[in-house]
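Multiple structures are listed underneath, in structure tokens.
After this come two complexes, each holding chain A, first together with chain B and then together with chain C.
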Partner chain A sequence: MMARFLPILAVAAALVLPLATSNTYFHHLLVLWMLYSLLALSLNIIVGYIGELSFGHAAFFGIGAYTAAILGMNFGFPGFPGLLMAGIVAGAFGFVIGYVALRIEGPQFVILTLGFGSIIFTTTNYWVDLTRGPMGISNIAPLGVGAGFELSSALDYYYLSLLLVVAFAYACHALMLSRTGRAFIAVRENAQLAASLGVDVFRTKLLAFVVATAVAGVAGAIFAHYLTVITPEVMSLNYMVAILIMVIVGGRGTIAGPILGALIYVGLLELLRATGALRMVIFAALLTVSVIFLPGGLVSLWRRFADRSTVRTARQAQVEAGE
Partner chain B sequence: MEMELVLLTQQIMNGLVNGMTYVLIATGLTLVFGVLHIINFAHGEFYMLGAFFTFFAAKLLGLDYISAGIVATLGVAVLGILANRFFFWPLRKEHEFTVLLSSLGLALLLTNGGELIFGADPKYVASPFADGIVPLGPVIVTQQRMLIFAVGALVLVLLYLFIQKTRMGKMMRATAQNPEGAALTGVDIRRVYTVTFMVACGLAALAGALVGPTAMIFPTVGTWAVLKGFIVVVLGGLGSIPGALIGGLILGVVEALAGGYISMGFAQAIGFSIIIVVLLWRPNGLFGAARRA
Partner chain C sequence: MTILSVNTLTKKFGGLTAVSDVDFEVQPGEILGIIGPNGAGKTTLFNMLAGSMQPTSGTVHLKGQNITGMRADRIARLGVARTFQITSLFPALSAHDNVRAATYRTKKTGWMASIFRTATYRAEEADVDRDAMAALHFCDLAGHADDNAESLSYGDQRRLEIAIALAAKPALLLLDEPAAGMNPEEGQRLVNMIRKIRDNGTSVLLVEHHMRVVMGVCDRVVVLDHGEKIAEGTPAAVVDNPDVIRVYLGREAVSA
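Let's turn to the complex of A and B:
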């Protein structure tokens, strides 16, 4: 029973959380947490559900951010339809790259996505006419509908991204209960067996890849509008690694995992700010220790606890057998 | 000879030497993948450590360049044993993503630790061969670059003999084919892990010690090294040592030509463009065997 109310409680807590303080820096961190959650949830579809490791995900986040920025700056495109366009453009890139890369699996797929990501990063850096190169694009307009209604404070962006995270998390939950979701898991567990049962493996993977990249694009667009500045740095290897850390440290293949991972990432780096030069060293050490001692991610702690304290129902056993 | 042709020959020569660096980096990477099926993202950091250890062995212990390079290579090989003991061996039964993330954590740890200890400012490894010039017909190569090429070739031959002829090499090949089967026939898998990482990290460090005098070194250079290594390894075929040799030389030459005739910016991206094309044509690389089921 507890498990059923937990998501509702979590959403309620997230709704009142920013009211705890009027500190705008705290609100800023909350926005980052939500945007990274959306990004990590989208990567989780590839890493957690279809079981391929993509190193190019930050590139789609960047494509979304640049699409929104360029459409807004050069063509006066309004904010909210711009979000949609960012998703469509990122998804289109995802379709083309996925169409090429998903024919290959395992370690080669990892390197291939790393390659596509690096090419997009390099192109963004050098195509100065379109992207203004390493300088980036600044003075991006805030999200809004005309001049009357604009998202101006961090709080506004927090609630917008929270809404998207909740909607997308629910969509992931519904997906996993659907035929398509079961096809994803079947492909992850045993692609040949899935194919023999009539699952079109390539199409299933491509669908997952396009959905994931489109959502990453939307997250990127909000990020651009929120910060009002965007540089190629968001597509760099550091970001690619960061998203992967959120998904795997939190717990791949779960919904709470990536959101928790994003919280740990934002929160931990913030807490470690006081340690100065040691910050990244401590962060890396904690990351490695958590990977070595909790390979299933932080959510596996909860599962261990739940297993011990409650009698397993048949359904739980079924869920675990499915993993 | 015509000027154009001399320029072309010089570019190819430079490319081959750069390629040999890539070969040295990639050989260790492909060895770890081939024998243990691990993608080691921290491999480039051992290259970085090789260069820095050479620098500090020369500066603090007052060693000459060659002794400093040997001390650095041996030192990093010992670090490789420790890295295996704490970061890879305990995870041998875990999912490949977990192992990969553990190696990423190690990479972050070494880069940031390196920045803290060595300082972020670039350093220059002094070598008596850095300024000497060897004329080869119309083209010119520095002694240091000749040294890179010669040592690289020698090391590859030794590694080949080690893997083909020695008892340990046979145990490594058995582990590559089937770890459980190898363990059943009495192969000490733990020792295979240890030796593989020791050799791989030593090779990366040797590359760092050799390349150090031709370019500035800084603690983040490992990322560059591991990316080049991956391109070469995937190009040649994961786990294939001849593949690493051919792949590394191809990458070096293509980059030199692209940098010379198109633009330096393009040369950065060309490596990844090559592997995209090659992987679509041959998903397991030029020399790769089919993936184990």
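Let's turn to the complex of A and C:
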């Protein structure tokens, strides 16, 4: 019963959260949280729903960011249609890479995605004519419709990305209640059995991969417009691993999990800022501990707790009925 | 119309011929058994029919349509469901969700329809639930609807496999050693279930080791030995065939 209202409460809380303070740095962290949530939710489609581990996801975030930046810089392409283009370009890359890589499963697939991610990262670094290389692209115009309406403050970007997170989270929820979603889960749980029931395993995985990469591209484009500067660093191994940490530590295959994972990542990054490079070690330890002791991620703690309380109330009800 | 028609089907692995020039047909409403000693080529034949193995030569027709060498999922979409020799389920899902996933073939609405909660979507989802519960009922598993598949007993898991296959509403059901590992009581329950499936209009082809099950339920039996068909006929006729007695029945199951 309560589970039905929880998402509504969460959205309401997210709406008023930034009003708690006028500290713009706090607002900045909220924007990062929302953009990483969108990114983690998109990776969750691959890792959580079809059950393949992809290391290459940061590359698609980067492709989206660079698409928006390059379209704006070279062609004066406006912001919002640029977001759409970023999604289409990232999704097109996802289609091509998925078409090649998804024929292979398990560890080999993981290594392939790592390889593709690295190729895209390296290309971005060295194709100076297009991407300006390691310096990156700066002075990216803010999102807007002409000069009259522009997203200028962190708060604007927070609400835009919150809207997208809520919309995409709802789409994921609807997916899990649909025939398509059942096919995703069937492929994850037992691909051979899924095929024997008429599910085209390869096409199902490819659909998941394209949707995930397209959404990552949109998140990247907003990221670029928000920071007004983009460097190849967003596609580096650090980011590849960071997104996976968000999904796995938060709880793969759920909707709350990746959002919670993104919050923990952004929060810990701040708390551990003073520790410098050591924080990557801490993140690695966190991932290891989570995989070993909490394979369902942090959200599974809540489920365990909720299960225990329903068992207890059922038992109480029995006791009361008995007396 | 003939449901399944197999003509000179052959599978070679290098120099070894696992299945050699096998012909047979499955008629509507028929239960056909395929038997033979270990290594006779039963599983290879089964895999070629289900699309998980490519034949070297020969043809397979489903209701007149050539399905030779088609991928497993395409054959499934044409109305063939199968079970696996080694229990194959969606272990982490509830029995109900296992069967719900199996309604994939007969439904159409996708992700977009569920996002916008269209009327077609809602009607179809109600059908999915109803079909799934009907399949569970049919296999005496309604009481286990909410249990995880992996927590079910072995016999229940084997029946859940059949429930999954039935939820796909097949015209032809392929069973790969469904009685493997079952005790006589479970075997008898299975026999009754297979009869009921046939009575509901689904043709059944089963590959089986258990003679009691084969003899008890099949209308006709095809006997394989070393990849070749050595006999075909009613269970009673096959039991009396001297070739069959020599290669297979002589050893264990004449008493069945």
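The rule we apply is simple: the second predicted complex is superposed on the first by the 292 of 323 C-alpha atoms of A that agree within 3 Å, B and C clash if a C-alpha of one lies under 4 Å from a C-alpha of the other, contacts with A are read in each partner's own complex, and residues count from 1 in each chain.
Following the convention adopted for this analysis, a residue touches a chain if its C-beta (ideal position, glycine included) is under 8 Å from a C-beta of that chain, and two chains touch if they have at least 3 such contacts.
As the structure is a computational prediction, the values presented were derived from the model and not from experiment.
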Pick one for A:Ser118: touches chain B only (first), chain C only (second), both, or neither. first
Is A:Val100 in contact with chain B, with chain C, with both, or with neither (first, second, both, neither)? first
Touching partner for A:Val47 - first (chain B), second (chain C), both, neither: first
Examine A:Pro7 and indicate which partner it touches, taking first as chain B and second as chain C; both and neither are also allowed. neither
Touch check for A:Pro142: first (chain B), second (chain C), both, or neither? neither
Of the two partners chain B and chain C, more of chain A gets touched by chain B
Could you look at A:Gly133 and tell me whether it touches chain B, chain C, both or neither (first, second, both, neither)? neither
A:Arg182 in the overlay: touching chain B, chain C, both, or neither? Say first, second, both or neither. second
Go through the superposed model and pick first if A:Ser196 touches only chain B, second if only chain C, both, or neither. second
By the touch definition above, which chain A residues appear in both interfaces, chain B in one complex and chain C in the other? none
For chain C, which residues count as touching chain A in their complex? 50, 52, 71-73, 76-77, 81-82, 84, 88-93, 97, 100-105, 107-111, 113-115, 117, 121, 124-125, 128, 164, 168
Contact set on chain A toward chain C in their complex: 170-171, 174-175, 177-183, 185-186, 189-190, 192-201
For chain B, which residues count as touching chain A in their complex? 33, 39, 86-87, 90-91, 94-98, 100-102, 104-106, 108-109, 112-113, 115-116, 223, 227, 230-231, 233-234, 238, 265, 268-269, 271-273, 275-276, 279-280, 283-285, 291
Of all residues in chain A, which touch chain B in the complex? 47, 53, 100, 103-108, 110-112, 114-116, 118-119, 122-123, 125-126, 237, 241, 244-245, 248-249, 252, 277-278, 280-281, 283-285, 287-288, 291-292, 295
